[in-house]
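A short write-up of the structure that comes next.
All chains are identified by letter, namely A, B, C and D, in their written order; residue positions are counted from 1 within each chain.
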């Protein structure tokens, strides 16, 4: 039984982690860390957990926690983990971090996009970017620190990865138009997240400057074998959960000027994802919808070849709190401890 | 392993049954009956089940099905089961019916409220009203036919039952104001169920004439030990799932004219529900919210004593597709086959 | 041209007042008071008003304002106006207050329900309760202070008023189950008002203790000719605008034990409301829906006689920000200045 | 007073036309055509119009109507008007068509994208594409036939027009990612438009094949001075009203390789739109949101220059039923009859 501690258990991502782990047969949460609700019953903060979780919230001491558990999930703001992580802690416990602190290999890039100083860059080299379907071989029982990917990034990268890797598209033409439910904005009491401000409304935000951009560029750059620059535009959609990405890129033409066929492209996707439990490749003519993956760890991917423009339109959908956060974190935990990768993640999407 | 057949597998309640049974360790669906989608892949009709259910939809022959399975769930319109049920079928298979066909003991009452003739009233006497928390002792391995309660009725009855049974309230003053999400209206393509008609709107419907009224009256009448007449008003709420009932009744005063205290009333609720796995009694000052039970088999119940008016306001919340339909049906199935009552129903509510 | 000042112009009700007055041919806003946004352009706070309102927000000095305008609307929290109102101000300017400060004639009742001391009870007697359809004769060019009714109260009172006044129902049996959109909770950045907390959810709140209760009781008590106690339960509904009330009461039976007919009851409603511009009495079998009045100053009222229980179910719907706040305030302003009562209020409901 | 007839008055766009014209000082609707609701009161079909419109619905005879009115609006499906329009009709009455029948100059293109034969191509040459801000000079008292632009197209074209026209962007790189509320799908009772299918969901549809594509390409092609091919992807968003387009294109670099500045680009927009009543150019750093234009005839446009990629991200928002349909149609009517262009269109956006 893996002993688990959570720092930041009362944010939406932390709460989803609690929900998922409550159905995990080989993990047990010992510590519900929440700076804001210390000594309150967890089930008072999230009443869905009434009669399921009896524990009270505790503070966020990583050091104390390291002695008591096998793995710590930090569902905390940018900069928190980098500010407290030490070799002593890492020598005693594995850490899976939900923030961007260890996702980006170049600390200068991190500091530029996030506007904060990185306080423990010495751990960046060993941190594994926990996109299981891509980096599975690096997520092992020896791994100490996992940088759990962001929600937009997981969806954006997985949707395009095989085509970038195999050179089917020109990566310099890649444009990602992303749409997210509101839980991605967190549980902070801020005016733009009020019901009446979000409901019956859609908007873009962080245009040409959203922090998930360099993370997507870095990972797809590895796939392309060279640095990339791409356009990424997130939008806020009036729904609780779900991310949909619509990605545009020019297909590389063959010597005779023709485009690869849908079937040929699909074969490339199959080569990468056919055996993946959590990636569902949709049939020809089918477009992913966020509702069909809600509450589950699935990513649904589909695409259309546009003969007129020579472009491909790739689409991916996932639940931002599951595959985009807590579900992927549990998937990483399973790999770290040699458990079946899907344990606790057999979550059937809820419809409607 | 219980072999299961479903007639009406492609309505919302049928689909929820599929979702729940897909996580049940001791039941297996052999037949996805759907008159509208015969020979289509089930996962094409409900794409959340892609890669989870591989079967195709089949027709709705109860007779054929009776030879192949141990239990048939009929998630079908009023009158369907009554029109096809025979002794031969019942002698070979158990049936759990989602319609009102066998819920009401007096066929004349059924015919009046539903406006259709009951075509097999001979089975009414043996049918058990499958409200597990109330009628558990009658739902046994010998039971052949279960009338699965309606969504509004489950919530309405459970919320008031202990107080009616113990005589704490005057049942003639009982008023039930109910609010339901839109999945309760089914998946039929009707104008009033269109997104733009439901969204940003709330309305009452079926005022003083909704078909769930006699069902509530009958069951609470058994509790009261005499026939009852009550007011029941359903409302359509712009959300997918969930029922909230707000029930008003005059408290019976004690000899000295005083009202029972909150703690005394709570003790009565405790006597009936404390050990119930799926009923959660909320603390003083807490009101149930549908979101906290979404996707789960829980009913959350709370109440407030109004000293000023001498009334009690009882509130109950459940997910209309789970405890209000498919979840309760599985709970009944578990009882029918001697399985643990909660098997397959350890569904943690999804929030947000 | 009536010169208008607004204190609290950046709350939702204040903003709706700005929207309505921008289409009023005989009023002009000279002062957009907003403590939170002083010196910011109003159209930056409410971007719907971009290119429509060019003014900047100013502070909330009632005294200074009194010299510059003919009427001040105070869309401010409870206690604000009572804390600053003086005879000097009232001698120079009319005031229409959106808060409860002058709605309740008994200051002790106000202090008990609102939990604050009333700091200028001397103005209570002269304040007119601005429910135009009921108190029109008292809202004249001589009136100095109007207490604009609350949103729940406007809907609750108007729906039952003729039947209470004419003694058709037993007022001691009156139960009001009210449902409101989320704009009623204001624009404050509070956790319970976040999108993800409200969306896909319904709950009751303030059960047996909501502050609008004594206001409804007082006004319906005047109609009944004696003090009343009633049950009032508000619910939060996932939509921006709209209030629906469902009101239950026992009909007084005639000497022969029979109930009044639908037509007889309708005749009573007609006697009070037939000539009212903003009250629409629905036909037999029709139930009001909030969406059909959205954005307008209408109240839609319908009812059903329940022969089985001897009760009537009355239903009323309005837009909480219009007839429930800013629209009614403008209706009051029109009366105060001898303008046509409907000026600026010819707002056609927006559907869908 | 302009006498108006409407064919298709009971679709969402037709109903919005009724709403807008009910506030128009110089137009009067004489004919509410609706094949589905003949002889029913209009206000029974759209209960928001109760006590505002007293008329009954009539059939859809264009010929009969031509004798009675000055202008006919046809808010009808593709192919309807083309099937019934004659020279005789056009010689007696002006026609403003909401369908695509006369929007596309090349009948072969129309027939390919719409899959139907064009039955009166002889009127295509004289039809004016009624995008008022672009084609105002052609919409005069002499014009007989106006092809009212589609909702997606209005938003897509206006957002990019000045930059295409002035050559600031490379039109071959133009990608339009559009998001629409559900009223755009009409009032037909179809499963994909049910509340539970749309709510809490987002999806792309018509990818690389949506019928508005050739319309956008044709109009922007005129601006560019040569034929264009572009990517257009619509998405269905869980809200009633509103379209947001996010458009991506590569900026043309100057001789020295530098990009034009935000201010330079804004100056180009200003040159085209500064005096336009219904186009609001947002400030630097501001992104349009659909909610801020809801219920109004405004288009809000903003843009961001992305130095990293050399692209511009243009964004536009409008209400699909107003500027995207009925509002623009009234704007066209005003021009056709020499009325002030904004008459009846001074609609202040409703927030929240």
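The rule is short, and it goes like this: contacts are C-beta pairs under 8 Å (C-beta built on N, C-alpha and C of every residue); 3 or more make two chains touch, one makes a residue touch a chain.
Bear in mind the structure is a predicted one, so any value in this text is a computation, not a measurement.
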| item | value |
| --- | --- |
| Common touching chains of subunit B and subunit A | C, D |
| Numbering shared by both copies at the subunit D-subunit C contact, with half separating same from different | same |
| Separation of subunit A from subunit C, taking each centre as the mean of its C-alpha atoms, in whole Å | 46 |
| Subunit C and subunit D: spacing of chain centres that average the CA atoms, whole Å | 37 |
| Euclidean distance of C-alpha centroids - subunit B vs subunit C, Å | 38 |
| Contacts with 2+ other chains: residues of subunit A | 12, 183, 196-197, 199-200, 238-241, 289, 291, 294, 352 |
| Contact footprint of subunit B on subunit D as seen in their complex | 12, 182-183, 187, 189-191, 193-200, 238-240 |
| Residue numbers on subunit D that touch subunit A, as the complex places them | 175, 177, 179, 181, 196-197, 199-205, 207-208, 229-231, 233, 235, 237-242, 244, 246, 248, 287-291, 294, 304-306, 308-309, 311, 313, 315, 317, 352 |
| Residue ranges of subunit D in contact with subunit C within the complex | 12, 15, 19, 22-23, 46-52, 183, 200, 240-241, 280, 282, 286, 289, 291-296, 300, 346, 348-352 |
